[in-house]
Every structure is written in C-alpha cells, then in structure tokens.
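Okay, so chain A shows up in both of these, paired with chain B first and chain C after.
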Partner chain A sequence: MISLEDKKRITRIGTVFALLFPISFVLMPYLWMTLSSFATEKELFSNHVIPYALTFDHYHQLFTRTNFARQFLNSSIVAVAATLMCLVASTFAGYSLSRFRHRWNFERVMLIMYTIPPVLMVIPILLIFTRLHLTNTYFGLALGHSTFMLPFAALIMAAYFNNIPPALDEAAMVDGASRVGALIKVVLPMALPGIAATGVIIFANSWNDYLYAFTLISSREMQTLPVGVAELAEGQTLQWGMLMAAAAMITAPMLVFFLFIQRKLLAGFIFAVTGEK
Partner chain B sequence: MMLIPLVLMVVGISAYPFIYALVLSFTDRDLFSTSSNLVWLANFKTLIEDPEFWQSMKNTFTYTFWCTLVTTIAGLGTAMLLVKKFKGNYYFRAVLTFPYLVPTIVAVLIFQWMLNDVFGIVNRAAVGIGLLDQGVGWFDTKRAMFSCILVSVWRFFPFAIMLFVPALEGIPEEFYEAAKVDGAGPIQRFFHVTLPQVKEVLFVVIILRGIWMFNMFDVIWLLTGGGPVGKTQSLPILAYLQAFQEYDVGLGSATAVLGLVVLVVFIGLYLRVEKK
Partner chain C sequence: MAQVILKDVTKRFDRTEVVSNFGLHIKDKEFLILVGPSGCGKSTTLRMVAGLETVTKGEIYIGDRLVNNMPPKDRNLAMVFQNYALYPHKSVYQNMAFGLKMRKHPKSVIEERVRKQAKILEIEDFLDRRPDELSGGQRQRVALGRAIVREPDVFLLDEPLSNLDAKLRVHMRMELIRLHKRLETTMIYVTHDQVEAMTMGDRIVVMKDGLIHQEGTSLELFNQPKNLFVAGFIGSPTMNFIDCEIIRKNSSLYAMSKGMMLKIPPEKARAYDKYDKRNLVLGIRPQHFYSTDLFPGKIEGNTFKVVAEVIETLGSEIIIYLDVEGQIIVGNMSADTEVSPGQKFEIAVDMSKIHLFDPDSEEAIY
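And now, the complex of A and B:
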C-alpha cells in the first residue's frame, strides 16, 4: 500500500522529470552557444560534443577584427538614452494616469496601438526623421525606441503609483508642496523599485531592437549590436565560433539585468511583459 | 496640466506617424523624393491583383496560427508543472523565463548554427542516433517555415508561462479538492476547474501573441529573410521589401495597412466569439 507521503513524493519526482523537457529545450541552445564560442576552430567542426580544446580566440577576434566594440558602445549609449527619456516622461504621464480621472480609456488606446505593425510605423518615422536630420544620431534612434516603449512604460508606472496612497501626496501638499514637488519628494522615492524594474525593461527592448536600428541608422560607425552582428552573419563562409562569441556577449548584459529583476517578472509583472513591440 | 505630456506623447509619437502612414498608402511616394501624387486606391488595386501579396497573406496566417497555438499550449503546460511545490522550483522558473529577454538576433544566430545543414548539432545528432539517414536542410523550401516557428516558440513561450503562473496560483486549492470528492479525474479537473479559472488570461495570451506574431518582422527577416523563394515571406516582410528595397513607400504602406485591416477584422471576430 502506497502511503500518502509516498504518493506526494512520486508526484514531485514526476513533475521535475516532466519539467526536464521544457528546461532542456530552453537551455540547450545557450549551452551550445557557450560551448561553441570557446571551442577551437578544429573542435567546432569535429564530432566531439564537448570540445577537448578551449580558446578565447573567438572573443579576441571579435574585438580586434570587427566593429563589435564600437557597436557595443553605440547600443549602450542608445539604450541608456532611451531609458532615461522614457523614465522621465513616463513618470509624469503615469502619475497623471494614476491620480486624475480621464475621459478616455487609455488601456484601450494601448491595445489599439499594439495592433499597429511596427513596419507600418517605421516608414513614416524614417521620413519624418530624415526631414528633421535625426537619422544616424544617437538621439534619433533613442527617440525612435521611445515611440514604442513610452506608452507602455506610462502604463506600468501608473500601476506602481496606484499602489501608493494618494493621501500621501495630499499631506505633502497641505504642508505647502506643489503637485510636482509632492511627486518628486514623496511619491518617487516610494516608487523607486518599480521605476528601476521599468527601466530595465525599457533598456532591454532598446538593446534588442533590430527594425528601428536597421532602418534609422545607415552609417557604419553608428550601427548598433543587433544590426552589426546580423551583418557579420551574411555571406557564404561564416565564422561560427566568432558569431557565437558575439551572441554570448550580447546576452551577457541581459543576464545581469534578468537576475536583478526576475523576481518582479515572476511575481506577475504582466504589464512589463506586455511591453514587447 | 499633468495631462499635457501624456497627450503630447500619444499624439506626437503614435497618432501622427500612424495617420501619416495611412496617407502615404494613398500616394505613389518614393523613398528618395519628397514630392508625391495622390493615387487613391491604385496601390490597393495593385496588391489585390498581385499573387505575391496573397502568398504572403497565407504565410502570415500559417506562421501566426502555429506560433500562437504552440506557444499557448506549451506555456500553459509548463506553467501547470511550475506551480506544483517542489525543491528548486524557483530556479526552474528563472531559467524558463530567460529567453524572453534575449535579443532576437541571438536566438536566430544560435538556431542557425544548431540547424546548419552540414555542421549543425541537430543534424549530426539525428544522424548519429539513427533518426535521419543524412542531414536535412532546415532552411530549405520544405522546412524553412517550420524553423521560423521553432525559433519563435523558443523565444516567446516564456511570455505565456509568465502570464499563466500567477493565474494558476490564484486558483483556490478547495476547487480541486471539491472536484476530487465529486470523482473527477485529472483530465476532467483540467477542463472543469483549471481551464475556466484561467480563461481570462488565456484570452489575453492568445490575443497578444496573435497580434505580435501577425506583425512579426525581425525573427523571420533575420532567420530567412522571407526566403527561400518567398516561402516564409509574411506581410511585414513584403511591406519592408516594397518600401525599402523597391523604394515604393506608398505600396509598402498599403501592404501594411491592408494587413492591419485584416488583423482588426480578426480581433473583432475573436472578441465577438469570446463574449458568447
């Protein structure tokens, strides 16, 4: 006779066993990327699953023979600029969404905006930016990224502000602070963890973007990582070791950020995950 | 006063470019000239008579349907395992949600390497254990669409997990206990307890994933560029090629606008069915 305790244990083992399928599906590609990026050229095309000889050559080549370092810098500058721009604007917008009644339903406007294909938006944006001389500039690309990140950033910020009692800002205003003063001195410090998480999501989306960077940037020196690395992957004979090293290098900052915010992601951070374009 | 940034934001960065794009779709605007003529519905007429447009439409539906279906089912299945209590649960969740933050270019590069016809691990492993007699081309006319869907599922099913886990955790344990007392087996419990309880989230996952897969550009563009011979060319790819490689901005905008119209009609139908 199987006891209740045993039954529970069997379910638990069964669950973990079943989870191995999705886990290996998700992990295998990373594992293979990492292994390939350190494998010597000979090992890469040999039949060894685990390479016998490891090397840093691919990383070395990536930084010395390609524009990777410059592209890394470009991507970082654009992502930081986009994050700052979106955070400042979305703080005010989110605060107004959270504290004042609105005649129209902003959530519904958001859903409508989600359905517009990014390809459709990038065409007029290119034409407008060309006229304003914003193409091939950091500011222009950061602004381009803001066009798809801002509305959603405002929505998450509103969700965070909703958790902070309005009585707090009213108390500050009774003490003589202005609306903006109350927001900056009282509400913002309390919303800081939420703002940080929002910032990470904006940064990740800017860092990952290909379409806008590909369209709005034409000069080689201004290229961002996804576009530059995609160019390395063109042609007949590809240096797979170096490409895997590039993939690993692009992933690394995201991994750091992920460890930083994943608790929030997993705690039902629905607004944040719907920020994808 | 605080509303001003919000209104400016919506008008400046969304409404204005969108209306501009609508206007463009009625013109013969060229990428490099600044003058253009109103041609009214000529672009749309060209598209409707163009077999390439209809082929792209069909590809878009194939891609959207399979991606949304597999992402949703895999996400729900995995989430149901993740809400069970066991040691290491937290780490499993972390690992499973990570691909969502990984840039598309990374996902594409890794899979291009793994699915490489000569040196890719997938072909070599499949031949090694006898699953295949010889390596197959994962990006040939027969399998390119499958590969696009595979990469998209890998990249996007964590999204479904992230939405389903909190929804499943919200179902009170008593519901399952009551169903057990009534003699319901695991399958009945799934259909009569789990599914009705996560219905709203399921609806959100399907509609958002459906919209995003329909409009997906970078996964397909980077993986196959729409090829071979247009087998994976979806509407966004076609629109991009028309606008930026044939420099016919008017026609490209028209393609994207027609795609949007079709999408909106489908969302409308879906919302109506959902209400019943």
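And now, the complex of A and C:
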C-alpha cells in the first residue's frame, strides 16, 4: 500500500517532469541563440554544444559595422509611441464597449476586425500613408502598428472594464465627477494591471513587427530592428554569429521586461477573463 | 433639503417600457419607500432621479429645479448602492472625502466633516483601511458615511441592506430610521423586501411592471390593499386567496368555498350586496385565524374544519399549513395552540378583517 503522503509526492514529481518537457522545448532555441552569439566563428561550426572560448566579437561588430544602434533607437521610439497611442485609444474604446449600449454590436465588429490578417491591410495603408506623407516617419509606423493592435487591445480592455462594477463609476458621478472624471479618478486606477498587460502586448507586437516596418519604411535611417536583422541574413554569406548576437539583443529587453512584470501581467489577464483577483 | 416631484415619468429601453407614467410627489424630509418584486422598475425610477438613467418622457423636479437634463454631479444627491460601491483603491477616509474633494471644499472642512461622521457611525478606527479589509456591516457604514458627509438635498438608497446577514439587517434598519430622524433629509429608499418597507418608511409606494399599484402608510397597505397584488405582496406570511361564491341565505351573505361557509358580517355585507351569486376571491391574512379551543368566543358562521399538515414553530407563534378539503391555507397562530400534524380541528376566522377581490379586475371591493 502506498500512503497518501507518498502518492502526493509522486504526483508532484510527475508534474515537474511533465512541465520540464515543454519548458525545455521552448527554451532550447533561446539557449542556442545566446550560446552561439558568444561563440567564435570557428566554434559555431564545430560539434561543441557549449563553446570552449567565449567572445564579444559579434556584439562589437554589430555595433560598429552595422546600423544596429540606430535601429534599436528607432524600434524603441516606434514601440513606445505605438503603445501610448494604442493604449489611450483602446482604453476609451474598451470603456465605451463595456459601459454603453450600442445600436450596432461594436464588440463583434472589433472581433471581425481582429480576425482580418494585418497583411491584407498593409497595402491600402501604404497607399493612404504615402498620400498623407506618413511613410518613413515614426508616427506613421506607430499608427500602422496601432491599426492592427487596436481591436485586440480594445477587446481586452473591455473585458477588463466589464469586471469593474459600473456602480463605482455611478457612485463617482453622483459624488460630483463627470463621466470622464469618474473614468480617470476611479476606474483607471483600478484598471492599471489591465492597462499594463495590454500595453506589454502592444509593445511586443510593435517591437517584433517586420511586415509594416518593411513596407512603410524605406530609408535606412528609419529602419527598425526586425528589418535590419533580416538584412543581415540577406547577403551571400550568412554571418551567423552576428545574426545570433542581434537576435539576442532584440530579445533581451523584452525578456527583462516580462520577467519584471510577469506577476502583474498574469493577474491582469486572469482578472480580465475571470473577474477574480 | 428638498422635495422631489416626478410627473408622468416614463422610461423605455428599446421597446420595453420599464416605468410607465410614474407620478409622485415626495415631500421635503419624507422617508419614502419604493417596494416591489425585482424588475418592477423601482431601481430604474431611483436611477432616473439620480440622473444615471435618462428620462424617456415626463419631468423630474428636485426642489424647484427641473433636472431632466442635469448630469448627476449637479443634482446634489447622495446615493448608497446595494454592493456599497466603495472605491477599492482608496482608504475609508479617501472614500468619504471623495465627494467633498470633487466639490472643492477646503481640506479643513473635509477633515472635520469626515471625522465627525466617522465618529457617529463608529468607523473612526478604520479610516486608514481599505474597503476589502472591512466586514460587510462596516462597509455599509462607510457607504452611508460617504453619503452623509456630502450633506445632500436628497438621499437615494438602492437596496442598501440586502447584502447584510439577517441580524445585522434588522440592526441597520433601526439605525437608518434614527439617521433619518437626525438628518431630517428627504430619503428615497428602494427595496424588494416588504418587511423593510413596512418597518421603515413614512410612506410606501408599491410598484409592479413599471406601475404604481398603491401608495400609503404601512397600515393602510396592510389593512386596505387596493388589489390582489398589493394584498399578496404586503404581509408575511402571504395572504390566503380562496376562490369563493357569494350566496344569500336568510337575508345574510355568505362566502362559500370547498369545506367552508363563512358569514359576511352585516356591516360589510352592504358593499357586497350586488355580488350575490358571483365568484370572488376571498382574502384572509394568516394572522386572522384562531383556534376555537383557545378563543371559545365562537360565532356561528365563521368556523370550518381543517387538517394540520405542517407546523413551523417560531417560539412566540406558529405558522401552520392547513388542508381544507384539498386546498392548502396558511395560518399564523399563537404558540399556545395545541395541535400536531395530521390532527383534525376547527378554526375560526375574524370576519371583520376579510377582503374580497374581483377575480377579473383583481381590484379589492370595499
């Protein structure tokens, strides 16, 4: 007879093993990428999994021989701008979806918009932006990113607001606030985890976007990271070491960011879906 | 302090009419109760007064100002919500101060008013806590405090006690009555609980399906319900409704139903004269049944035989379910009544307290 205590222990060990597989599956490429970025050119094509000699050469080359620093700056500006623009719009849109009766079912419209692949919209957006002289600008690219992130962000924010009782806005309005005042003074402070969670997703999408950045930006000066890194892989000879260093540099800020706020992020999503804290 | 006047107020959501031609004059300093089953439009009416719902048709006056198009913040009302609606990210003090801050009162005034009311409501020890660190009763007090410090013209209370447990509810009921006496401010109180309505209000308005069915004091509603709905809604346990036929025998009127033949007292008979041979609904409150053993002052024509089905003992009284030839009626009698389930016995009815209703119009006949 196995005691209940032992059974519990076995279950726990089993769970760890069950989790180990998907986690290593996900982490392997990152590990490979990081290790490769520090390996010498020679080591890259040897049989060693873990390089014997470490070098910062690839990183050095990345910053001296390519436009990487500028691209990093461009990406940061665009991602921050897209996040801010999209957050402001989606907060108001989400609040409106959550609190007002609409003659048309805007929620469904948003959902349909979300299912349209961004690639379908990129050409029309390019044509419009060309006329508005918005191509090759930070604002234009950030706006482009907002167009495909907005429906999703608004839906997430609406789900979040749905879990904040409308009686709170009403209490604030009876207490002397306007509708917007109630939103800013009472509802928004409560929605901060949701706003943070949505913001991170928008930021990550803008940061990672290749398609819009490639289409809307033609000048080298304005290129963002994904486009710049892709160019590294376009020549006759692939510079694997530098490519890996660039990939690691792109991933690093997002990774650090996620590690810092993962708790808040999860809490934000759980509250949006279940309404539980 | 102000009166509230609703003139022919109608509220429609899409095509459903939730409140229809609601007309009411709420006097200054009155404690008015809106009571009715859920979905009767009582909360919507209150929310229209607060400005949280628009008015489809009609006019609402607070004091002598027409407020139809005035946003809630300018109406100088305070509202207490069913789930208290305390701001969870603010402390108790900040919750209570919020309304005053929005109205730009100086800090010293805010501080003084909040501390004073917190002391009266016995929540001064919790001023730094967050709402989620408080019990239900304490949250209720904070919600009340937040309304009181504003010193509004009118208090609106939307089922403020329904989230409390039974014992606390009875206690808060008494505190609210005292509060109204102390503040001398108009209060409009919405509830679905007829006991709350009966015990608290100066005047009670009974609503159903968006219409006012009756308004009056507790006793008026209890003793002279206007129709079947009010008769059934007010009073606990619910009034017994028995289908009966009015017949004349030896120049007296009788209400006859299965297993009972009850003589209508002569002073009441005049009103029912023209209903001879008609079918009516006889209404008898459970409190108006007596055991003939306990009260031997038995008058001919007001007793009938019953079988006790279920007996609920409440201490000072019993609630007893009685079978009258297949029809179940409920009696609320003295605990001294000696009866056990299955026992056959005779009970008497206080015939001066009976009600008769027209089954078609559902109106009471007096």
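Convention: the second predicted complex is superposed on the first by the 230 of 277 C-alpha atoms of A that agree within 3 Å, B and C clash if a C-alpha of one lies under 4 Å from a C-alpha of the other, contacts with A are read in each partner's own complex, and residues count from 1 in each chain.
One rule holds in what follows: a contact is a pair of C-beta atoms (placed from the backbone, for glycine too) under 8 Å apart; a residue touches a chain by one contact, two chains touch by 3 or more.
Keep in mind that what you see is a predicted model, and the values were worked out from it rather than measured.
When the shared chain is aligned, chain B comes close enough to touch A:Val16, but chain C does not.
Judged by the touch definition given at the top, the superposed model places A:Ala246 against chain B, while chain C stays out of reach.
Looking at the superposition, the partner that touches the larger set of chain A residues, chain B or chain C, turns out to be B. Of the two partner chains placed by superposition, only chain C is touched by A:Ala171; chain B is not. When both complexes are overlaid on chain A, the residue A:Ser218 reaches neither chain B nor chain C. Taken in their complex, chain A has these residues touching chain C: 165, 167-168, 170-178, 181, 185-186, 189-190. Residues of chain B that touch chain A in their complex: 1-3, 5-6, 9-10, 13-14, 16-18, 20-21, 24, 74, 77-78, 81-82, 84-86, 88, 92-114, 116, 119, 121, 124, 154, 158-159, 162-163, 165-166, 208, 211-212, 214-215, 217-218, 221-222, 235-236, 239-240, 243-244, 249, 252-253, 256-257, 259-260, 263-264, 267. Residues of chain C touching chain A in their complex: 50-52, 71-73, 75, 77-79, 81-83, 85-89, 98-99, 102-103, 146, 150, 156. The touching residues of chain A, when paired with chain B in their complex, are 11-12, 15-16, 18-19, 22-23, 25-30, 32-33, 36, 44-45, 47, 49, 89, 92-93, 95-97, 99-100, 102, 106, 109, 113-121, 123-125, 127-128, 146-147, 150-151, 154, 179, 204, 207-208, 210-211, 215, 225-226, 229-230, 233, 240, 243-244, 246-247, 250-251, 254-255, 257-258, 262, 265-270, 273-274, 276-277.
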